[in-house]
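Report on one structure; see the data block that follows.
Note that the chains are named A, B, C and D in the order they appear, and that numbering of residues resets to 1 at the start of each chain.
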Amino acid sequence: MSKTAIIIGGGVAGMETAGQLNRLGIEVVLIEKQASLGGHLKNWDRLFPDRRESQEVFDYLEKGMNDGISLYLNATISDIREAGGKFTVILEDGRELSSDALVLATGYDLFDARKKEEYGFGIYDNVITSAELEEFFRNNKQKNLFEGVQSKRVGIVHCVGSRDEKVGNLYCSKLCCVTGVKQAIEIRELMPDAEIFCFYMDLRMFDRHFEEMYYEAQEKWGIRFIRGRLSEAAENPDHTILVKVEDTLTGLPLKMKVDLLILLVGFVPSPETKRLAGMLGLKEGDDRFLCPSDEHLLPNSTDHPGVFLAGTLKGPASIAATIVDARAAALQVAEYLVNGER
Amino acid sequence: MKIEGKKQIWNDYQKEIAEDHFFYVRSCIRQNFFPGSEKSFLRIMKEELKKDVYENPSHTTCSGIGYHTDIVPFETSMTMVARQFALMTEAGYENFTTSCITSFGLYSEVLNTWEHEPEMEEKAREFLYKATGREFKKPKNVSHASDVIYRFRKEIAEKGKYRLVNKLTGEPIRVVEHIGCHYSKMFPSKGVGGAEYPYVLIGMIEDWGGEVIDYPERRHCCGFGFRQYLVQANRGFSVSCSKKKFDSMEPYQPEMILTNCPGCPMFLDRWQYAISEMEGKTYGPDGTGIPVLTYEELAGLVLGHDPWDLGLQVHQVPVEPLLDKIGISYDPEKKFKAADGSDIGRPEAPVYLKFYPEQA
Amino acid sequence: MKSFGYTITKDRQIDYDANDRRLIEYVEGIEPSIRICMECGSCSATCTAGHFTDFSIRRLHTLLQRGETLHLRKEIEKCMLCGKCQLVCPRGVNLRNLILIIHQALDKLHHDL
Amino acid sequence: MTFNLFVLPFILGLIFLVVVLVKKNRQWIRLMSTDDRKKLKGWYRSPKILLALKEIFFESLLHRKMFRRNPLLGYMHMSFAFGWFLLILFGNMESRIYSGLWVNPPYYPIFLKFFIHDKHVLPFEIFTVPGFFRFSMDLLLMFVLSGLVLAIIKRSRSKWFGLTKTTQHHFTDKVAITCLWLIFPMRLLAECMTAGAYGYGGGFITQHVGNVLAFLWPLNDKSIAYGFWWFYSLSLGIFFVTLPYSRYMHIPTEVMLIIYRNFGIKAGKEQSPIHEIEIQSCPKCGVCIDICQMNTAAGINDIQAVYFLQSVRNQQVIDGLVNRCLVCGRCEEVCPVGIHTDNQRISQRNSFVQLQKQDYSYLNHEADPQKAELIYFAGCMSHLTPAIPRAMTKILDAAGVNYLFLDEDRSVCCGRPMMLAGKLKQAEELIERNKKSITGSGAKTLVTSCPICYRVFREEYGLDIRVLHHTQYLLELIKKGKLPLQTYFRKVAYHDPCDLGRGSGILNEPRELVRKIADPVAVRDEAKDAPCCGGSLGLLNADRHERDLITKEALANYLDKDAELLVTACPLCKKTFAKHSPLEVVDVAELVAAAIPKVEKETGELVN
């Protein structure tokens, strides 16, 4: 008799885990609360560092969604029960699904920039988030961001909602830096005479090709970098934004007018993850992301036998890293189902 | 500016403000700076709004000035705060309202500390009892007097004789508001509208007919900062802070500055004189400066109180142009006369700032 | 003007919009390599003149980028042009030329600055 | 009849030229420094003038150096210069036969065939005196014309002549070159036509060509030939008038340059008349383009000495061009005219930066120098290659030398980088500062590890103590037996640093030193021909990619050998090569230090 795994969450991690498990001959049920698969990936335009279209990655993931996978869209889980090593997932509409293993791939939420009130998101006209900019890129490929605006200066603010005890997030979201540099280049491509500034604390260009992208941003695109965290923003009468930072490299406070301020919002744990983790009694870290049973050796297992984790519900990760993690999770699940090892 | 965004924040930061029966504590310095303000508050509350406001003559400083200049230790401060609460408890009141912003900040800080560290509250009770034999209950509601005026702003508007509108043009008076730092910067949830976009004064201005002007340095400190001002050599820092604000608001052509703190109106008013004398720079039209009012003075004006009863003659920046604009009637002859008709003297005419009508 | 025993201090804040950026534009036009500086400071750490005085070519470059040019001339006069900065620069910025071009730019733009 | 109106353009042109040249020369001498003027005193009695004449013969006429670099180009210049010279010489001798006078009016030999129609001499008659001259004159004319043909080819095929880029011509240049090119064809035609019209009086070429022309063109008579004599004279006259204002000024100025040089007057780092003379002397032969690594490695082919000098001559100098040069001295080494291209650059840089102030008042607080017998000065760059000063201190300790490591803690730059940037006055302050600590120490010897420092110590410091590069000093120590060495025969390639080899002539000491310890391999370009590593402080405005290309090309000079180590004697070369070299790069001092055997503490025995 073939074994079944239920995967909760149809984003990058969920789709890849489902596809891999299915290829390993395991019956897969994929539950997604939204109407379509893809999660955040569907909102991104191009991916760092090579700026390939996000659609290409989605197309690959979608190819893995064959008949062997039972898909439940618009499905919210109301309860999870467990008996004799079998899981029963009860949906809000009363349907019951059962399986031998459970994979949580519920991902993350973006930080709500409104919480950094002093940055004026939602209040000032020309303050947007990096996610909104991606949406703009995805939908308005050739359009100018500043129709009707005379001078063109853009400020990109790093670490919005990350490394910030005041909003309860001590951790680094680690991908905002490279996103900021990518978006700076993309803005420059749309508007060759724009002046673009990144306000950063450290540039954490940790992964392959990231540093090179930073270099290119400086050398080829003339993006300017000012080391200093945005302290506050104010709106000028002409709707431009006055930003105030300490230019920590000169040791002087600095103010500057920008026409558009982009906030690089970080990762936060999603409430849905918290809710499901509560049902299953899973461990939450200080950062409120979920913890595997062993971060080095069992990065996809939990202390709860048969329950596995995949993707960004464990913390910020790039799409590339998420796919690797999802494959590791699939292998872990398969091993469990075949050998009973977690 | 997206007003919906601000409204969302104002909705998020609403605080409870008592309806009646206030135990009122005064500010140490306001009675010298703008002596009409606290009197105006009591008059409005008692006579116009018919509220019960009680003052105990034996209440003291909250010690906030000493605390913020690192002279008075926290333990002493919280014991003095406890004594104020004891006076309130003894008088049978539960709603505590303060005239001073720093006091409001200190009361909030002490209560918050007691909440997180109950052993500190025990200590305060012990110290107070040992020193005075008094005991206290914590107030049910703590508000700043500007919160209270904010709460009754609509009633004041209804009873009001004037609106903040230019009599000739029909345009609303352009007002910049300045909130005292200790009002909500320490505890955003304790202020109406939070720390970044406080609503307490904006609510008054809007309901009384004026237009609020936001400007880039709105959040900047007026420069009072106890340590800056108390040492004479540091006053340059204080005046520089105020100047930064004036320079930032100047292009918006504000007709008036509204404040809710003891120090801010003092410095925003007097420094305009100092800057004009030191650098020849004035900020209002034709060298008149930008009038600075406290919310009690403004409420009094709206209700039709006599400007000289409100103590507006002690302002360094002349208020007459503003009064004329709104159409508030006043007797220029009485400006420098005491209540009994005697002469209270006149300040020397500034060189650049136009203080006397004949200078204009 | 009256004196009250204190003075109005000039704001330390860099007012980027008010600053004159012609100098950096001139310099960057001739020596584009200064764009790729990542502000690591190895240049200043090895600087021969920096062993004797507070001269920092890294800081000087940053201030130039911000349009803070008031003390630039006095600063660059301390440089010995030995070229060590350039040799240690991990990004290959032509730092020695930066000093020469600032000199040149100050002379050329002298009347306007 | 020995005069005709048509000679007037020639005569007037010649007078004009002579006047201008005399005036110019007087002006140069007047503007020279008093020191230089003193050197010229009694020049006519000095044997130096003979040496100068010899050099003029070999270089200005035969173009010997140019021949060595590019035979085709050498031939072209020689055919013009030497051919023309011989034409004048032989013409004078020939004219003497007919006038009987030693001194003739200058136009007489030039236009001899117009005045004299000697029917007694046959075209191929070479064994009589007049016949020999007539034959020779035709031959020489052909010699010059062959140069002209090459010159015309050069305009379109400049690469054959080593020039990668044809130089831009000014209006006067164009007029001058047109006239120059017309002179000899006009002479040929005039002589041919005349010989044809008369039926005799020509040489083996002119007569026969003239006869053919007379046959083909029956209308030909003496009046048309007369017209060509006018053209000939006009070409000469106009050429002489335009010469001082065109690049052909290099012909007379080079002669003066050779004379001045033989009297010890040289182009220094600061502007002087000799700089102008050098600039005017450049014949634009283009050998500096071929040799330049900026060109061969990085493809930068518009900044070489020839273009740079031209921009100075045309008063179109721009700092970007002046600053784009390694100042490695390779072009100076091969320049057939001997132009001091490095100092020319520096003096131009100097004129750009003269007014820029430097302020080293912060050095005033430095403590007084310590005392020692020998000073070791590592140099700024050596602090970035600590293996070099460490090797040196190890060696000095092993040899038991009483020395002071002057810049161990912190150094004041030697001033040469400043000079290379043209800041001569500004460098003086640094020089004074260092001089004070050097002389204050009472040392008798100064040893430095850096060729850049070494060069400036020697050339500019005016120290009255011995100044040595460490390669010289180490060799001395070894020769005196103060350093016991073990040899380990690793194959090494030695690279000559610019400032040590070409710049200071220290070529043998490092080689001898290397031979004592290791096994040097032969490399293609070495000693004075060695390439620059690309790190040169003289190059002010190259980007890193361009430098990388230069370094890689230079490395190729050493890599295709079976060397196991690349040895140099300069911290800057070492650091620059290290970036790209697959071989380990070491300084000679490191090689020596490694060869010092360890001494067993207890027994005093040497161990490996």
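Here, a residue touches a chain if its C-beta (ideal position, glycine included) is under 8 Å from a C-beta of that chain, and two chains touch if they have at least 3 such contacts.
A quick note: this is a predicted structure, and the numbers were derived from the prediction, not measured.
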| item | value |
| --- | --- |
| Any chain that touches chain D and chain B | C |
| Any chain that touches chain C and chain B | A |
| Pair of chains joined by more contacts [C-beta pairs], A-B or C-D | C-D |
| Chain nearest the overall Cα centroid | C |
| Centre distance in Å when chain A and chain C are each reduced to the mean of their C-alpha atoms | 40 |
| Computed distance of Cα centres, chain B from chain A, in Å | 46 |
| Cα-centroid distance, chain A relative to chain D, in whole angstrom | 66 |
| Contacts with two or more other chains, residues of chain C listed in rising order | 32 |
| All touching chain pairs, where touch follows the definition stated at the start | A-B, A-C, B-C, C-D |
| In the complex, chain A residues that touch chain C | 214-215, 218-219, 222, 224-225, 227, 244, 247, 249-250, 252-257 |
| Partner chain B, residues of chain C touching it in the complex | 1-11 |
| Contact footprint of chain B on chain A as seen in their complex | 114, 117-118, 120-125, 232, 234-237, 239, 242 |
| Residues of chain C defined as touching chain A within the complex | 12-17, 32, 35-39, 58-59, 62-63, 65-66, 68, 91 |
| Interfacial residue positions of chain B with respect to chain C in the complex | 232-237, 239-240, 243-244, 274-275, 277-280, 351 |
